[in-house]
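Each of the next two complexes has chain A plus one more chain, namely chain B in the first and chain C in the second.
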Partner chain A sequence: MVRSNRWVNLGFQLAALVLALLFTTLILLAAGAPPFDAYANILRGAFGSMINFTDVLAAWVPLLLTTAGLLITFAAGLWNIGVEGQIMLGAIFTTWVLRELQDTSMPPALIITLGILAGMIGGALWAMLAGALKTFGGVNEIFGGLGLNFVATALTLWLIFGPWKRPGVASMSGTVPFDDKLALPAFTGLRLSPWALGIAMIAIVIVYLLLQGTYFGLRLKAVGKNPKAAFLLGIPTWQYMMFSFVLCGLFAGAAGAMQVVAVYHRLIPSISSGYGYLGLMVAMLINYQALWAAPIAFFYAALNIGSIQLPIVLHLDSSLSGVLQGMLVLFVLLVEGARQRLMKKA
Partner chain B sequence: MDTQTLITGLAGVLFAAAPIVFAVLGETFSERAGVINLSMNGSILLSAMGGFAVAYSTENIFLGFLAGVLIGAFVALIVAFASITLKQSQVAVGFVLTLVCRDLSYFLGNPFMGLPGPRLPSLPIPLLSKIPVIGPLLFNADLMTYFSYLLIFLAWAWIYRTRPGLMLQGIGERPAAAFVRGANVNLMRYVYTVLGGGFIGLAGATYSLSVKAGWNGTISGLDGIGWIALSITIFGGWNPLRAAFGAYLFALLQWLGLVLQPSLPGIPSQVLQVAPFPLMILTLLFVNIGNAEWVERTLAAMPESTRRVLARLLRALRASPPAALGVPFESE
Partner chain C sequence: MGVGNLPMNVELKHIHKHFGKVHANNDIVLNVPSGTIQGILGENGAGKSTLMKVLSGFIQADSGEILLDGHPVTIHSPADAIQHGIGMLHQDPLDFPPMRALDNFLLGHSGGLFPDRKAVARDFKRLAAQFDFSLDPDSYVDSLTVGERQQLEILRLLWLGARVLILDEPTTGISAIQKAKLFETLRKLTAQGMTVIFVSHKLEDVEVLCHTVAVLRAGKLVGEVKAPFQTKKLVELMFGKEISLGARQAAGPGRSVLELRGVAIEDIRLRMSDINLSVRGGEVIGLAGMEGSGQGPFIRACAGLMRTVGGRVLVNDRDLTGKSYHAFKRNGVSFLPASRLEEGLVPGLTLTEHFVLSEETKGLFIDREGGRKLAEDRISSFNIRGTPLSTVESLSGGNQQRALLALLQDPLSLILLEHPTRGLDIESTIYIWNKLKERCKQGAAIIFISSDLEEILQYSDRVLVFFSGKVSSPLDASKTTVEQLGNLIGGKGWESLKTEKAHG
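On to the complex of A and B.
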């Protein structure tokens, strides 16, 4: 029993994957679409060419940064749904600094660095707001965070259509793109920046070490598992929660900054690209273990980029990737519940 | 604004609030029994799309409503099964379902985008609708609006005036005590969660077949309603009357936003559309802040007269959730 546990667990997880694929296939059939064509198109869209593959990596960067941040709030037992807004505020702060400094004589590398730092601070401030609502106002972080997400969307739209509008006519296409020299240097001919890739990888390593190898991480997890017991042990509970919000905001803000300096080179209405909610799903799927964040986030990024093909080739809505991503998490949760139930009976 | 426009406008508020009333009452039942159905935002979208698709394909509007109810009930059944039987986190399951249902509605609803479909006809009640002021205000709407009035009263009477309602309060507050009294706690939780899900589905169908007739995918403006309804449930303190008041207040504020927009040219329309969300945070703050420890400490340091007034105000606003909300129940 004990020896075979690992294989049994793996079997259950594979079952969840198969069930999710089965369900998505049924949905495709219900929509009258050829399932294998759809999957083949997603694969081709993600890995069909060097450009597609590097686009997946470019999407992997903000998703991994967001997931890294969320692992910290999850460790503290917090559902930081407000992460979506924290990404947006990161992007807004980065755009703001770039706008202010673009006409000065400062070296571009310095401007970009300051922009990224500002983005991190922006994300942290927005996260602090959700944390303050929770600790001092008793507002559950799910509702406070959600409300703040919608406020962040409004703020983004207001900036794009108001103070930062393009000369002439403001539009949903966003603010005026920045000069090329204010972009993180990319591989020639590709949309992927090695710098962005490096930052994301460093981030997940930092979070892994923080949670697995430090006293702080251990105490944070104690707060998450049982805040009352942690408080009795002398851990300043609310300060730890607040600090985990701030740390998560720093990473989410960095993700927003990457969206500006490495992907879109301007502020657009959907600047967060839903990476906040996607990051929450990745974190749930890996059962909050930092070790698995990189591969699973890569898989989810590939689904996102691959599904861009669907409307063009098969006239299907690209939200199919969201259905598969969500179903995977749902079935992993259900199968895990079933496993615990069966094991207990056995 | 003359009286006539005002009455028409307020009647429109009652009409637009009907689906919110359904959703909030549905969630109130579910949470009263101890289960948070966090899937509401996606569930409303999916049942709106499903309800419209069925009504459009069968050309029968009541089958559309039925489909909406069944979809909402089915999503709630998944939440109930995962949390009660499989003991998984209600928040995790509900949140994932919210996202899946939203994406499903966009994916499956693609062929139905922007089609002209059936719409619930308006149904003025004879005689009653002829009463001055009250007639055009209350009795010149459609079937779902009337049903929403009725449901508020029924829900209140069920929870506070019947034996099963008393049991419902029990399984949300002290499930162990209710169990000793002979209640099948987990079965009741299933029943109320699925029933509540049915009302949430009805809310979705009411949008796509009446209030915002049609299916318009991402631009239908329904994404976000479910989250608002979830916070109105908290604002309503799990009491149907207070919850309905919250739903009407929200619809009224939305209408005021539309009416006032021409006189506020400096504010882009996108900003006014999200105005409900900061308001939602503020109301949650008012409802919850009375529970915070530092508030009690600050109050204790104040002069007696001020303290008493403030404490009474906070107590009137405060709402405490059912004690066993989100906690699984095991009989042994």
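On to the complex of A and C.
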């Protein structure tokens, strides 16, 4: 019975994938583009060369970090839309520490470490704001988070065009790039840093263990599934919710820090690259199971990187990957709903 | 529109309604001629609300017929009901607090995109004046009292063309003056040919107001009585014949585990004050009263789940006034709510996970093996039909209740329970009480709410009766009969009792 269920579930999920592809194909046809060329291009863009493949991994790092953080807030039953802003604040804090310390005689490794830690703290503080708004202000975390995202964007732009502007003229290309010695060491000739990769993998393992194996994780799940009962069971509910915000902020902040020390080496206006919203999609797609975070985040990163070439080759917008990513989430949720209905009747 | 519509006779024929195994309405036949006030009397769960929901279109009957003026009708929704001229006034007014009275008045009126506010305001004032209601159409609903909201709702229903008015427990939470005005209004309306159906558990109100009273018990219509009424007869119909009580175990006096000194409790509807009570270890206190009479806030105040507004609460001689539930819990108090899946258990988590959560934790990581052993242990000692990996929502109600009991920490001084055996079969009920009595022998005191009077008299040592915010002094359960209790719950016979303090 159990085994047959598992196969049935797998079948449903495959159906969702097929439907998502089908729908994206329809959109491509409507746009007058050759669908199979487009898919081939995405594949080639993601895995066509070593550089492409390592670029996928470089994008996987912040996405995985963000997803790891979101798994914690989802476990607590919270929709941390503010994760996007938490990534930005992480990047801002990292940039700030790097700017302050770049001209000192401190060893670069220490500066980078301090920068990453500062980023994590920045993300956590921003997440705490959303948590405090919810706990003490009665503001739903979705609205609070969304508002804080706009504030974070404004703050980023203000810093780039104000206090941290390039000498001479401020530009959308961001702040002055840091010296090479302040970058996380990368593989030679590639944009991928083994350090960043390691941090992301450690993060997802930590979150997996936290949610699967610890008392903290179990209590968090109880709070998420039924705060009233959790309270009667003796769990301090609002403190747990607050703490889950902080933990998620730490991971999101780390993602922001990686964007600065491993990818862009400066603060740019779109520093979060939308990984917050993408992370939300990944978390929904994997039904909040930490085990699946790594492969699905990788798949999404591949779609992102693979579609970069589309405008050049096929004159298609690279947002096509977004269409496919969104379709996938919608169809997986839809098919899951259908499955539950059908199974109930059976 | 307004008052002065055609009169209407309401007939219910062989109404049946099942909820799962519960036969909530069993072959109800009722005939209400226009111009009468029909009382519907019965204890909680007797099927009064179900019947009224069927009549007002909230739910559909499984079988049976509704006839209005002799014509069979099918009522699909509350909006449909009002089209037919049936308006229902709910116990909790279904209004929109952050809106103005006039806006509420307009809701549910199907009249174009842009209502003629001026004309409506005129209608409103005319109707209000007719019944001598002093309602300001521009005031916000949340600034009104429950009684005023009720008046607003009555006006709205009349304005929408209601010819049959159903009122569900309308006298709960309103002042004596408002009650008098409500009754006067209802008499006026029936004199004009309206039909009024008055649902209540308050004997006194029913006796004063109604022309005829139908009594429901366990889903059946057990009798219809015409005015003038005999209280004794009504109580007998409501609660059935007295059943001999089983053997009672008297608890010996223990140390004081809970002491209430001049406690005052307040919620939106009620204010109870100057409650004094001392509960000793091993004692069982039953709280009797119709739902919403104040026993809910009382038990939650004893758990620290509701702030008291006066007096002191002592647990094991320690002053915990104003402390949180978790402080009470640390001092050996546990509260088991009536809604098991909504408040007591966490749907989606397994039995093992629940037991692990309820235990003191050692270290950071969950001891899986220990958790499984613990779960197997509890499952067998509480006779729960489920496995360690069963999710709580997959258990039956009786097994969920056993699981809740199995979650209680060790040791305990005070266990507070809301409807511990509601919806359970006899076997589970007896099992649960045996487990609770074991706790008493270990020195815990129990305070429980029940709407089953026999359960209260059978298992309690002392009984507190709640009626409209009044709390009786503790009654000796062994010297109280079901009939006495039934009277007190319905608000009769309080004069002969020494009440803690009367408050409306």
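Methods note: the second predicted complex is superposed on the first by the 343 of 346 C-alpha atoms of A that agree within 3 Å, B and C clash if a C-alpha of one lies under 4 Å from a C-alpha of the other, contacts with A are read in each partner's own complex, and residues count from 1 in each chain.
Everything below uses one rule, namely that a contact is a pair of C-beta atoms (placed from the backbone, for glycine too) under 8 Å apart; a residue touches a chain by one contact, two chains touch by 3 or more.
Since the structure is predicted, the reported quantities are computational estimates derived from the model, not experimental observations.
By the touch criterion defined above, A:L233 reaches chain C but does not reach chain B. Residue contacts after overlaying the shared chain place A:A222 against chain C, while chain B stays out of touching range. Set side by side, chain B and chain C differ in how many residues of chain A they touch, and the one touching more is B. Once chain A of one complex is fitted onto chain A of the other, the partner contacts of A:G213 are limited to chain C, with no touch recorded for chain B.
Within the superposed three-chain model, A:P163 lies out of touch with both chain B and chain C [touch as defined at top].
The residues of chain A lying in touch with chain B in their complex are 27, 30-31, 79, 81, 133, 136-140, 142-144, 146-148, 150-151, 153-154, 157-158, 161-162, 277, 280-281, 284, 316-317, 319-320, 322-323, 325-327, 329-330, 333-334, 336-338, 340-341. On the side of chain A, the complex with chain C involves touching residues 209, 213-216, 218-219, 221-222, 225-226, 228-236.
For chain B in complex with chain A, the touching residues are 38, 78, 81-82, 85-89, 91-93, 95-97, 99-100, 102-104, 106-108, 110-111, 217, 224, 227, 230-231, 234, 268, 270-271, 273-274, 277-278, 280-281, 284-285, 288-289, 291-292, 294.
Partner chain A is touched in their complex by these residues of chain C: 325-326, 329, 335, 337, 342-349, 353-354, 356-358, 361, 363-366, 407.
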